Amino acid sequence: MAELIGGVGTSHVPAIGAAVDHGKTQDPYWKPVFDGMQAARDWVARTRPDVCIVVYNDHASCFSLELTPTFALGVASHYEPHDEGYGPRPVPRVEGAPELSWHLAESLILDEFDITIASQMTVDHGLTVPLSVLFGQPESWPCRVIPLCVNVIQYPPPTGQRCLKLGQAIRRAVESFPGDLRVAVIGTGGLSHQLQGERAGLINAEFDQRWLDEFVTEPDKAAAHDHVELLREAGSEGLECVMWLVMRGALQPEVEVVHRFYHVPASNTAYGLLVLEDAARASRPLAAQPA
Amino acid sequence: MNPTPRDYHDIPGTYVFDGAHQRKGYWLNMFCKSLDLAANRERFRAAPADYLAGFPMTDAQRDAVLLRDWLGLLRLGGNIYYTFKLAIFDGLSMQHVGAAMSGTGMTVDDFRQMMVSGGRPAEGMRSRRENREACHG
Amino acid sequence: MAELIGGVGTSHVPAIGAAVDHGKTQDPYWKPVFDGMQAARDWVARTRPDVCIVVYNDHASCFSLELTPTFALGVASHYEPHDEGYGPRPVPRVEGAPELSWHLAESLILDEFDITIASQMTVDHGLTVPLSVLFGQPESWPCRVIPLCVNVIQYPPPTGQRCLKLGQAIRRAVESFPGDLRVAVIGTGGLSHQLQGERAGLINAEFDQRWLDEFVTEPDKAAAHDHVELLREAGSEGLECVMWLVMRGALQPEVEVVHRFYHVPASNTAYGLLVLEDAARASRPLAAQPA
Amino acid sequence: MNPTPRDYHDIPGTYVFDGAHQRKGYWLNMFCKSLDLAANRERFRAAPADYLAGFPMTDAQRDAVLLRDWLGLLRLGGNIYYTFKLAIFDGLSMQHVGAAMSGTGMTVDDFRQMMVSGGRPAEGMRSRRENREACHG
């Protein structure tokens, strides 16, 4: 049976990808951000997930206005990085995990989630930047990836509650997969930022920190902020933090914080990073985890 | 469609891309999306007005494109992830566009400085109604 | 406030469309089928819906294997008939109802249905044949249409229960629309048939009739048949009867049967037709309904 | 992918288009889908094998296409709504294909007659297991 080994929340700011790609991670502007990532990199190196389910949004890259799936789950054998106008990011091709993907798709749909099944898709910075955050610049990504693309561009995105429930259903689905896989869920996006309008540049660190507190200890409360409140407090693009809640739902109600980091700014965004394990798992002696 | 008032219309300086907005800006955004292809970028660079004529947009939308009126584009139904494709076409950064949309004559360096100093504070930017009440109250 | 005036269930057999298009409705083979439709045509002429929400499936026409939405809701101003290999059907362009569509999309997503929003789509026989069933061959369709496209080709389709719940949510959404519209819901597909394999041609009239009985009086029971049972009893393509349940959910638990018709065969299919009104509405004196 | 056994594999003569089946037949079905375009139909008509070579299919799938092995196409991952596009290309009806898939030498007239007489009965076609038990029981 597959095992849910933990979750990561991280912003997916494109500028972070650019900093990695152009060797600027040690520039004074970026060093604090990348220093803050180290503990997450250590965690993922230690826990070595076989598959990461990356919950992200597409930014008018692979999807366009013709068709807007609320939840699109990738079932492909691989995903090419999308050209977002600067040429595709110089990162490895993303290798899929079609058996587990199809198992998720089938389980989730029978569990009353109205998933869109994506057999061919490209992935943009929303997915590849979190991989760079966790893995740096390897020759090939050290794990297989299942993209779960959430609409947060076209109003309305799914509610926080719906995202939390989807995470719970993903947990059930992973644990019913008849394969010996270690699976992590990566929630991406946010935290507070607004790219558009006269409020462009909005950051609300107070709201973010309070929301992160709730996220860890009272996920139902973190999920209960409605869209208007998120738009108001976290900014029109900060609303994408609902995607973290899919990760949170996949973990048990009681979690242990392995790492928490928050930094303003990363480009126009409040950068947040959180690594969680189920409390039950975290309290196991380290020897019980793979070295 | 006359958009029905929504709670989020109370948030200042924020253009929520809901159904009404999407319908208004559909072809404006699809024009921006078309710039994903290098061949289209060349055609647009060579003859901007001709290229725009190929999309069923309003004149106001076409003017806002030609003038790079970043705020106007949002008001006319643009979505930032689409209009930003036009900025990429121009070689501009999101911070450039952010400064321009602020509508306060902010330069890109001002904008960058604002972000480094913690970003634009939410205080006074939460609610048009609250702001009015604070003014008149 | 918009009003839900009733529901129709009908198979969407392509051969019925061809019989209409080629003037064969009075042929001995087809006459009984079209005679059986008359009462539904009378009902729709009498009740005159402004908008029909047509729940149908696409048959590898507009959608393909790249992307399979479980529920795709059209929000376009119009929809062209798709060319399914014989040229597009010679039927009027389908006019949309974008205001109500967007209201539905927004309501349903906030109500935890993970709708895919479709701004540009063509519609195949799954949608146009039911219009021909109800309206014959007019110059233009007498009502606007909202396509709700359900995946029933890629296993697994949404469950019967999920479809019933979606119907209930559609009812709530319609009744919260601030416009004076008369709305009908048309569930299409089925009844028993199988197009593929050594079982091609399967018909199970006994199952269909029992399912129709349940559908009218015990919708939860009709919705509870799992996919394996539907595949076994109604055939691999008969499974698409789950789409009728969206219509059923949009009506009240107590309904009045305005018309019920069943005929074997229409091409390879058991043809079923059902017209329902809420019991409360049906008992109103006729004068209270528009002439 | 070795498909895990599913309850519906017990249903005789029925090829459920689940994930395992979709993966197996992906390019076979996409070939069929490509026949939606008149230009592709012409290319396929002019040089069937060359046209098929453009799709990453197995040799068995290509052979089944060329032989119009309607049942084989399903077994190799085909979905009836896709393989039927090939039948439309040939000018065949669904009843033609239905007869061919029956695997009993049925003619299209036999098939039509079966439908008019109430269709293929479900009796004896529900469950491989039940059928086995009935045989040996």
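By letter and in written order, the chains are A, B, C and D; residue numbering begins at 1 in each of them.
We adopt the following convention: contacts are C-beta pairs under 8 Å (C-beta built on N, C-alpha and C of every residue); 3 or more make two chains touch, one makes a residue touch a chain.
In this text, all values refer to a predicted model and were calculated from it rather than measured experimentally.
When the contact pairs of C-D are set against those of A-B, A-D or B-C, over half line up by residue number only for A-B. Inter-chain centre distance (chain B to chain D, centres taken as mean C-alpha positions): 51 Å.
Centroid to centroid, with C-alpha atoms defining each point, chain B and chain C lie 40 Å apart. With centres set at the average Cα position, the gap from chain A to chain C is 38 Å. Residue positions of chain A touching 2 or more other chains, listed in rising order: 65, 106, 119, 154-156, 227. For chain B, the set of residues touching two or more other chains reads 18-19, 22, 26. If the chains shown are joined wherever they touch, the resulting network has some other arrangement, not a path, ring, star or complete graph. The full set of touching chain pairs reads A-B, A-C, A-D, B-C, C-D.
Chain D contributes residues 1, 4, 18-20, 22-23, 26 to its touches with chain A in the complex.
Residues 59-60, 64-65, 83-86, 153-156, 192-205, 207, 227-228, 231-233, 235-237, 264-265, 267-268, 270 of chain C touch chain D in their complex. Note for the complex: chain C touches chain B at residues 75, 98-99, 101-103, 105-106, 119, 178. Residues of chain C that touch chain A in their complex: 65-72, 106, 109-110, 112-121, 151, 154-159, 161-162, 165, 227.
By the touch rule above, chain B contacts chain A in their complex via residues 7-8, 11-19, 21-22, 26, 29-30, 32-33, 35-36, 71, 74, 79-82, 84-85, 88-89, 94-95, 97-99, 101-104, 111, 114-116, 118-122, 125-127.
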